[in-house]
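We just call them A, B, C and D in the order they show up, numbering each chain from 1.
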Amino acid sequence: MMDSPLEKARRIFHIENRTVVNCLSEFYGSLLLLFLGISIVHQFDLSHKQLNTWMQINLGWGFTIMFCVYTCSKTSGGHLNPAISLMFYTLGKLPLSHFFYYSIVQVLGAFVGTAFAYTVYLDQTHHVLGDLRIVAGPNGTAGLFTSMPAPHVSNTIAFWDQFVGTGFLALFACVITDKRLEIPFSIHPLLIGLVVAMIGMAFGMNLGYPINPARDFAPRLFAALIGYGWEVFSYHNYYFWIPIVAPFFGAIAAAWSYFIFVGFQIPDQPPSYMKENKTDGDGIPLKTTDLA
Amino acid sequence: MMDSPLEKARRIFHIENRTVVNCLSEFYGSLLLLFLGISIVHQFDLSHKQLNTWMQINLGWGFTIMFCVYTCSKTSGGHLNPAISLMFYTLGKLPLSHFFYYSIVQVLGAFVGTAFAYTVYLDQTHHVLGDLRIVAGPNGTAGLFTSMPAPHVSNTIAFWDQFVGTGFLALFACVITDKRLEIPFSIHPLLIGLVVAMIGMAFGMNLGYPINPARDFAPRLFAALIGYGWEVFSYHNYYFWIPIVAPFFGAIAAAWSYFIFVGFQIPDQPPSYMKENKTDGDGIPLKTTDLA
Amino acid sequence: MMDSPLEKARRIFHIENRTVVNCLSEFYGSLLLLFLGISIVHQFDLSHKQLNTWMQINLGWGFTIMFCVYTCSKTSGGHLNPAISLMFYTLGKLPLSHFFYYSIVQVLGAFVGTAFAYTVYLDQTHHVLGDLRIVAGPNGTAGLFTSMPAPHVSNTIAFWDQFVGTGFLALFACVITDKRLEIPFSIHPLLIGLVVAMIGMAFGMNLGYPINPARDFAPRLFAALIGYGWEVFSYHNYYFWIPIVAPFFGAIAAAWSYFIFVGFQIPDQPPSYMKENKTDGDGIPLKTTDLA
Amino acid sequence: MMDSPLEKARRIFHIENRTVVNCLSEFYGSLLLLFLGISIVHQFDLSHKQLNTWMQINLGWGFTIMFCVYTCSKTSGGHLNPAISLMFYTLGKLPLSHFFYYSIVQVLGAFVGTAFAYTVYLDQTHHVLGDLRIVAGPNGTAGLFTSMPAPHVSNTIAFWDQFVGTGFLALFACVITDKRLEIPFSIHPLLIGLVVAMIGMAFGMNLGYPINPARDFAPRLFAALIGYGWEVFSYHNYYFWIPIVAPFFGAIAAAWSYFIFVGFQIPDQPPSYMKENKTDGDGIPLKTTDLA
């Protein structure tokens, strides 16, 4: 086993600097995330919802997050989202400098991943769109890449929508990873994936739940460069900054609300009546109150 | 690590009184539950089932229950439902006083959560409904908030439907949490979520499976206040009390039926032939009979 | 805790005779199974596939099996299917006498469960069908209860279809419960549920995958009694015996094929190269060959 | 227990030669895989997407992979795909000779499994197709068995599509089985199944995601023999070789990209700050950076 190809290669490619390692990991994870996610949206839109339906958007993005988080879970933590990274900074889990590094490589990875997805659907895009690249409206197709609110959704509601959607993501990320809940590490990414699917079922109608500044901005830039032009930024009274900014506020507010209402209140040790209960014989664990 | 923001905040916000903690937790969990759940229904109805279909109602509510129960699982237990709390009282797991506390904060949380969901969909609601707030009938939209039976469903069947639906929820909650089944605590909420999805697939047609007095009453009150008026209560010969009352009876009857038919019969120790079997070499655990 | 209601009740209701306990358990589990399952089919058919679609039939039955097996997993084993019970007999896991006891109570439970489901949908059935009870054809509705093959499906293919469908159920039940695979007991029912959903996606078109003599026969008898009459038995050249008989042969053949091709070949101890591998550092467990 | 039927049969059928055992296992697993998978596609196409929709194609194939991998996980490893076997060879996990053995029995198993699926749908096929066996175009039905690209998809994109799709399968197979991620062995097949479902949601539009040389070639040969003729090979400028060849390159490239970007960078031991963190009291595991 001394000469196994993987062992040899590990010695060659192993990097000691953890900052470099974590940036590589967030870059790679974000690349995979957008490669898969943008492809899911292309299959939905380009097939006119005949192949993928909204359910595949929900479960597809959910599974995609799930496996991209698994991929990076032992290196960078698998944030893949600047709002989640900032939230971890406010919890004292990430140095501020690393929040900036992470955000940059998350956007870079998202951009490269979008480009990859675009190549897989080149022929289908040409078949359906021809040379037309209309940003929004009845024939608009920039939604293949990034969020484009309908005219009847105001930017105020758009901000609130992204605040709320990213908030739920951050909140349940704190729940799932809360050590006091004792959920095994190996199913954290699985549960995070289901959270994303759920958010799509609850908050997908206004904007399509980007809930991630990197996921929204990088493909928007890509769309601008491949022919949609500046309008992807100016559309809807320069809406584009909303899914970049709102998620940060939502993630922080929701995460801290969890800790204040619930997380800080979980006892370090189960109280004695719960321990005793472990040996009684009545079938349901007591986890509710002190039977005062 | 002494000065981590979370540790500092924990010292500030930690509350010792477990009754207050549990009430906070049930309030917060019920708020999240309705915030997510009512949003799911809005996305279903306001998109005319083009985004969410019935499947998203089922899986969406299932995932929502799942993560809200995870959130509260180590504090209040995550009942989020007065009928479940009363059931636990009959099993000797919750003092009667706490059943009343829990019910009140569950309704309060559900009301606030409904209000939050309403705000996210303000623009979409205005776009689809304009200023019309018709309770029921072909153009009725109070179903965005609460259950509204079709005219051909009698209140007798409605009562039975809620008795049965809540019964299955309570029954499988007892199964999943039965210590003798040895299901790891960390997947209890996951399984409870799938139970709710299943109930929606089996008993969603008559009333839309509220199966929770707080989930049905609080949004009904909210709907009355935002313009639907008193008719949400008087509709269908004052149907509104049925999804409040029937769940209590169903939950208790079904939970006890489980214990009588199965739960009380599970041996405390696996009989000797099962232990021996653990070391035989034939591939399938014997779990059926005593081979008499 | 000495006086908890559950402990008191356990002393009253506990039954020592394991045969009685197991029969009670199989009766109760089969009752729940058909109560839920027949309700799922009613919601599918009576809503003209507007609420439930084929996906809810698949996932709904899957979840239903999942939780009914959980319910009975520590008492009778949760067979809920005479073909599975007979298969366990051929594996030496169930006495022949118990196969007969199990089959009888499974049919009884299935009958009572069907009756319960029927009551929940009484108003909806009346609304959609009026007083018409047509067995088959364009307006046939006996499919609400039991399998009714289309005229272009021969009874030979019907037999093969039930042989195959039940075979896959039995085969993967043997895989999942094979001790040598070391799958934790607490996720066995979860996986069995997904197997059933999968079978519905693969073999649902010919007959609707009854794959269980009790599940097909008991509701057929119920349908005959509530107005569909003798034709539910005579239809399609007395097809009714096929989903009763074919599952037994399929379950036994498929289960043994698994053991002969794979199960008997799993080594009792992992060979030495696999143990060594546990301490090497290359990222993927060796589980394929002896590197000869 | 000495005389249990399984123990007796084990002594008779047990084979010592691991190469034979592994080949039997891959043959059997591939047979089951195509038996189920081709049946899923038949139900989709022959019902004109009224029973199965694209979601059942995704989840159905996902569950099918899941349970077929479970079946073979303790013998041959459950590759069921020559591209995955070659990838394991490049990682030093499979001797080159075994790659060839595996590939041969995978194709044989896939062929036999296809034939079995065909028999279950004989009557339905006759009912829908009559005697017509048209390969492609508006009335083409060879897609019941194998991938048939639309005319507007070039063979270059087809190659890239299969490179990418199989790449993601291989990449996440490496992630899931990476010992350093410490995912329990017993949920590896479950996660692999979800990966396949996800790939179908992201990369199903161009070719229907065969991502497996054996899964595409064996049914293509079967289709040629039952009446579709040589055109299944010559169609689309001899496209047939693409889903045979491209997966090998994609699987190797993607697997190694994972190890270089992430896998080789996972520390053998968690660094000290992570261990310390295990005993702090702040609710979220530190898994991101060294807090430099």
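Heads up, the rule we're going with is that a contact is a pair of C-beta atoms (placed from the backbone, for glycine too) under 8 Å apart; a residue touches a chain by one contact, two chains touch by 3 or more.
This structure is a prediction, so every number in the text was calculated from the model and none was measured.
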| Once chain A is fitted to chain B on CA atoms, what angle does the rotation have, in steps of 5 degrees? | 90
| query | So which chain is the furthest away from chain B, centre to centre on CA atoms? | reply | D
| request: Please state whether the interface between chain C and chain D is built from the same residues or different ones, using more than half shared residue numbers as the mark of same. | output: different
| request: List the centre-to-centre spacing of chain C and chain D in whole Å, with centres computed as mean CA coordinates. | output: 27
| Centre-of-Cα separation between chain C and chain A, whole angstrom | 38
| Which chain D residues sit where two or more other chains touch them? | 4, 6, 10, 53, 55, 91-92, 180, 187, 259, 281-284
| request: Within their complex, state which residues of chain A touch chain D. | output: 4-6, 9-10, 13-15, 18-19, 21-22, 24-25, 27-29, 32, 35-37, 39-40, 42-43, 46-47, 50-53, 55-56, 59-60, 63-64, 66-67, 70-77, 79, 88, 91-95, 97-98, 116, 119-124, 126-127, 174, 177-180, 185-187, 190, 259, 263, 268
| remark: Per the touch rule above, chain B residues touching chain C in the complex are 53-55, 58, 90-92, 152-154, 157, 160-161, 164, 168, 171-172, 175-176, 180-184, 187, 191, 194-195, 197-198, 201-206, 256-262, 264-266, 271, 281-292
